[in-house]
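Okay, handing you the structure first.
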Amino acid sequence: MIASGGFDAVFARPRAERRAALIAYVVAGDPDRATTLAVIDALTAAGVDLIELGIPYGDPLADGPTIAAAAQRALDGGTRMADAIAIAAEARERGAAPILYFTYLNPIDRYGVERFAREAAASGAVGAIVPDVPLEELPAFGPPLRAAGLAIPLLIAPTTPPERAARIAAASSGFVYLVSRLGVTGARREPDVAWAASSIARLRSATTLPLAVGFGISTPAHAAAVGAVADAVIVGSALIDAYAGSRGAQAAQLAGAYARSLRGALRPHG
Amino acid sequence: MIASGGFDAVFARPRAERRAALIAYVVAGDPDRATTLAVIDALTAAGVDLIELGIPYGDPLADGPTIAAAAQRALDGGTRMADAIAIAAEARERGAAPILYFTYLNPIDRYGVERFAREAAASGAVGAIVPDVPLEELPAFGPPLRAAGLAIPLLIAPTTPPERAARIAAASSGFVYLVSRLGVTGARREPDVAWAASSIARLRSATTLPLAVGFGISTPAHAAAVGAVADAVIVGSALIDAYAGSRGAQAAQLAGAYARSLRGALRPHG
Amino acid sequence: MTNMVDSKLPDARGYFGRFGGVFVPEVLVEALAQLERATNEAFADPAFWAEMETLLRDYVGRPSPIYHAERLVEGPHAPIVFKREDTNHTGAHKINNTVGQALLARRMGKRRLIAETGAGQHGVATATIGAKLGMQVDVYMGEVDVERQALNVYLMKLLGATVHPVGSGTRTLKDATNEAFREWAARVEDTFYVIGSVVGAHPYPYLVREFQKVIGLEARAQMLERYGRLPTDVVACVGGGSNAMGIFHAFVDDPDVRLWGVEAAGHGLQAVDTAASLNAGSVGVLHGSRSYVLQDDEGQVLDTHSVSAGLDYPGVGPEHAYLKDSGRAQYVAIDDADALAAFHHTARREGIVPALESAHAIAFAQRLATERGPGGLVLVNLSGRGDKDVRTVAALDGEDAR
Amino acid sequence: MTNMVDSKLPDARGYFGRFGGVFVPEVLVEALAQLERATNEAFADPAFWAEMETLLRDYVGRPSPIYHAERLVEGPHAPIVFKREDTNHTGAHKINNTVGQALLARRMGKRRLIAETGAGQHGVATATIGAKLGMQVDVYMGEVDVERQALNVYLMKLLGATVHPVGSGTRTLKDATNEAFREWAARVEDTFYVIGSVVGAHPYPYLVREFQKVIGLEARAQMLERYGRLPTDVVACVGGGSNAMGIFHAFVDDPDVRLWGVEAAGHGLQAVDTAASLNAGSVGVLHGSRSYVLQDDEGQVLDTHSVSAGLDYPGVGPEHAYLKDSGRAQYVAIDDADALAAFHHTARREGIVPALESAHAIAFAQRLATERGPGGLVLVNLSGRGDKDVRTVAALDGEDAR
């Protein structure tokens, strides 16, 4: 088993630097294994604090066109569950930033939740986000992952009533994922920073977990604005767009440059 | 007024020759006025006893494809009611065989029944067949024609019950038209000679009028068989087929030759 | 209060006043007389009506509902109520009649049905009941219509019928009707001619009305039950006139109910291209009876035009001619453009795509409802659904709808 | 006597046994909870059902008849009775559900409806009620389906709806459903997602069943009235499963009535090209609930195939999964060839052109009726009419039916 250091390690450095963490989402195998590994290395070098590694799924209900297309590219390239886990393991071995899986219930279910938990933990990942498992279904789904030492960050949306948000925050592990606006992932629509700020303020009392904000963050300005209030900033579609169409070193270079632009916008908290 | 001699004149010669009369149907203006006149002359020369002159109508319910197409050719050539009557008048002036009109109720109705009766009589015609005016409608339709001296031969079909056939025979004038088989005019299906023979036998007691048989007669053999039992043989579609596609003298020659072949088959009664 | 007429007509000779009658070749006279006898016997036989009612209920899906079309007109207006013949099996009122005639045919021992068809609706309705009763069906259809209504041609084949393209005359409905008459003349013994509207020689205008009058009988009772009163106006499109007679008949003896027949003006009443026999035609004889006909001064029947195939016919049922001359019903005309507008409007505002035929009635009803104001109550016969017309409209709109 | 199940399900968490649930992104959880509350309130409100019943009667044309299909099978056999959902407005059972959901939407103050559609039937049914109630309608449809169902696309436009082609994934129904979920997530406040079958997250499988159960309630009463007894067997095709749940539900507590769901085997159950989720799939989560899914060993949803677009879906409603596992209902599959044969046979022998979906049910019912013998009584849900499929069948037959 590769030591993950767990979530504490993820937030140690940004906390020490009194800035928001940067979490970057890539799809395993998009468009191939080597590119994904090169991109992860580049993101790590660019100062990304946590890699969200998407295990490709053909029917990603929570994702917009960019991530859906990236997943399709990965599937078309033959990426299977075991390949995604192997990519994570290899990246960790090469010294990448901590890795958090992101996928849907069905691939995990079919793979076997216990088997997934075991292999995911063995790959050195810190946890898994499964966006179509809401709070109510967590008791049936979560225990094997938790038993394997994996965190399960849960999502809170603008539509989540405050009382429910508090319960989600309480049930979450690793961090709490605040969805910054309505809809699915995708860079085309802006995050609602004001809403994120007020939610964060409200949630502080409900949890000691870091509060991360994602969906729609695509510019350094977004990162700066969100980073000023949140403990972490999550970028996905915009990053994928940044290197889509290229491979290998070129992709890594594009991804790294883009990540650096966001990372540079994360200033120490006042 | 051109003297028509009426129907007595029509049957005088065949009666004298102890053979069935030959009645030949042509459409006025098919395909043009000159051809019709030439054909009528040729038919007269071939020994036809009565010309049935079709006044073209676009929706001839009692006619099959040959006569319907001939009527359409005449209409397409611009033949109107007055033209048809003028053809009859000119033919009579040139010494043609007696002429009997054949058309439908609607053109006569629209032209004015009284006007038609007057002009038809003036043209020297002996009468008119209007196949869509059955016995029941004759009282409303017939008087003006009769008053002008025109005969109205009525039709009896294989479907006509005997009692009704007797009433039709009684109401008919000029001759009684026995339809030799089911269906509409047309050479493609054979006449039912046996049925015609038995009907004729039955009708002899109901009328003193000549009994003519038509529909489907196309060969000298048909003419001979029907002529052996009937007072007249009517040929239409087969004659039109004989000269269709040609004009003027050529049409006249073809029509004449065809009529002669039938006329030759009408042997004196045993 | 409107002019009164005799709703018990036709008389014994098949006349509605001076209209109707039997103008056919002798070979068909006895067949029509037989049909008349069979019709009278059947109509007097409760078992006949019992079977008819069962088929109308289980097969056709009757009664058809009445429906308040609330969003059709803005501003103060009379409620517009649709009688929903579009919900019938095969999508129009036509099936009421073909079921009735097929039962008559079976009763008369005929195993073969023939029919004329224009757009194909009556052909499909005949093929339908023929399939159900296991009878042979031959449908006559003009070559032009075969070409432009390939879908209905295929539907008839699916239903086991044989479609015979007719190449004579204008190669459309009028000629298909001629051809069906001719075919009937050739095989009267084993063949029953199923006519698709209240046209043709007696007893057809009568018996078709009797099979279609269920529309008005149902609607009258439904209006009384729902609104506690009769409609002030009844509106129906008129091609041959069967859906209109079907809904009018039950109201003919209600003096305060105005009856409106809506013909297809095509490109306009003044234009050559129209199909409005009562508005633009003159008295004549077509297809066996006397009525109004679109004809020239020589009695030659004219080519007609309407965007709606089912109204594209140069004649009209003799009972309508009678109702027109007596003043009991009024006949107006709606042109292609207004009918198309009503088609679109009804789809968008009511979620009902009407047959183009019915759209003529709706177009007129919209105006009438405004004129009548809130005191009125306008009943419209929605004679059929417009699925069959979607391609035509799409083509006119330059849209693709293969 | 068959295995008993709990017809009062789903439970409070949306489960039918181990199937169902709510597996959606958090952004939709509250929308679903709201919908559940609104549904429960509406269902408890007699005024809601009164309006629903009026619309079902006047707009949809209910009750739909039952019909004895006498000529479908030769030799000794059980009578086959069709429940005629094909006579509904828009031609299928789908409208029962869209009317209900649109009323719920209006009650919830939502002015915009969205829907997914495959062949276009549910899209047309949603556009229809949206037009009637004056609501904006956006329909999501895979690019492949937009291309091959141009007629229904145009029909939706006619009805005022906007069709959004979906280019992701297989570009068919599954992806259109994903897209509709995404669109709902983006505009939950003003938008109501009208799901077309008993699939999706709770409360959809429940509320769609409640809107469709009118089919079985009517049919049960009609069978008792007409035959004095319940059917021995009830047969329905299963795509998502709404028409089947609609007719099954009223009979679930009748232990002697066997329930048969008929899936589309496509090219065969062993083939890759099938759409029979219950027969060839495995338990999984798709579109928000746990049920049977056609998926590979990695949980990736498979491409499906059926000649019938409405059955061409890799999932199935969770209540069917529950009925299957409990043994209360049995699920069989009919392949393309047999469905097409039943389509032709029903047209020729009964004069009814069934939807290709319904033809699957008929194909199975024909066999079952012979097996049961004269003592049986087989009720088949004729879920829709086949006009929409005529072009598909013509193309397969190499015929022209533009």
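For clarity, chains are labelled A, B, C and D in written order, and residue numbers in each chain start from 1.
Everything that follows uses one rule, which is that a residue touches a chain if its C-beta (ideal position, glycine included) is under 8 Å from a C-beta of that chain, and two chains touch if they have at least 3 such contacts.
Keep in mind that this is a model prediction, so the values were computed, not measured.
**Student:** Can you list the clusters of touching chains once chain D is excluded?
**Tutor:** Leave chain D aside; others group as A | B, C.
**Student:** Would you mind pulling out the distance in Å between where the CA atoms of chain B average out and where those of chain C do?
**Tutor:** About 38 Å separates the centre of chain B from that of chain C.
**Student:** Just curious, how far off is chain C from chain A if you go by their C-alpha centres, in Å?
**Tutor:** Averaging C-alpha atoms per chain gives centres 67 Å apart.
**Student:** Touching two or more other chains, which residues of chain A qualify?
**Tutor:** Expected reply: no residues.
**Student:** Among all residues of chain C, which ones touch two or more of the remaining chains?
**Tutor:** As it turns out, chain C has no residue touching two or more other chains.
**Student:** Would you identify the shape of the chain contact graph, picking one of line, ring, star, complete or other?
**Tutor:** line
**Student:** How do the chains pair up in terms of touching? List each pair.
**Tutor:** Listed by label, chains in contact pair as A-D, B-C, C-D.
**Student:** Which of the residues in chain A come into contact with chain D in the complex?
**Tutor:** Spelled out, the residues of chain A in touch with chain D are 57-65, 68-69, 72, 75, 80-81, 104-111, 131-137, 154-161, 164, 168, 179, 182-184, 189.
**Student:** Tell me, which parts of chain D touch chain C in their complex?
**Tutor:** For chain D paired with chain C, touching residues are 57-59, 61, 64-68, 71, 84, 86-89, 91, 127-132, 134, 150-151, 153-155, 157-160, 344, 347-353, 387, 390-391, 393-394, 399-402.
**Student:** Under the stated contact criterion, what part of chain D meets chain A in this complex?
**Tutor:** Touch residues, chain D against chain A: 13, 21-31, 168-169, 174-175, 178, 181-182, 185-189, 282, 284-288, 293, 295, 297-301.
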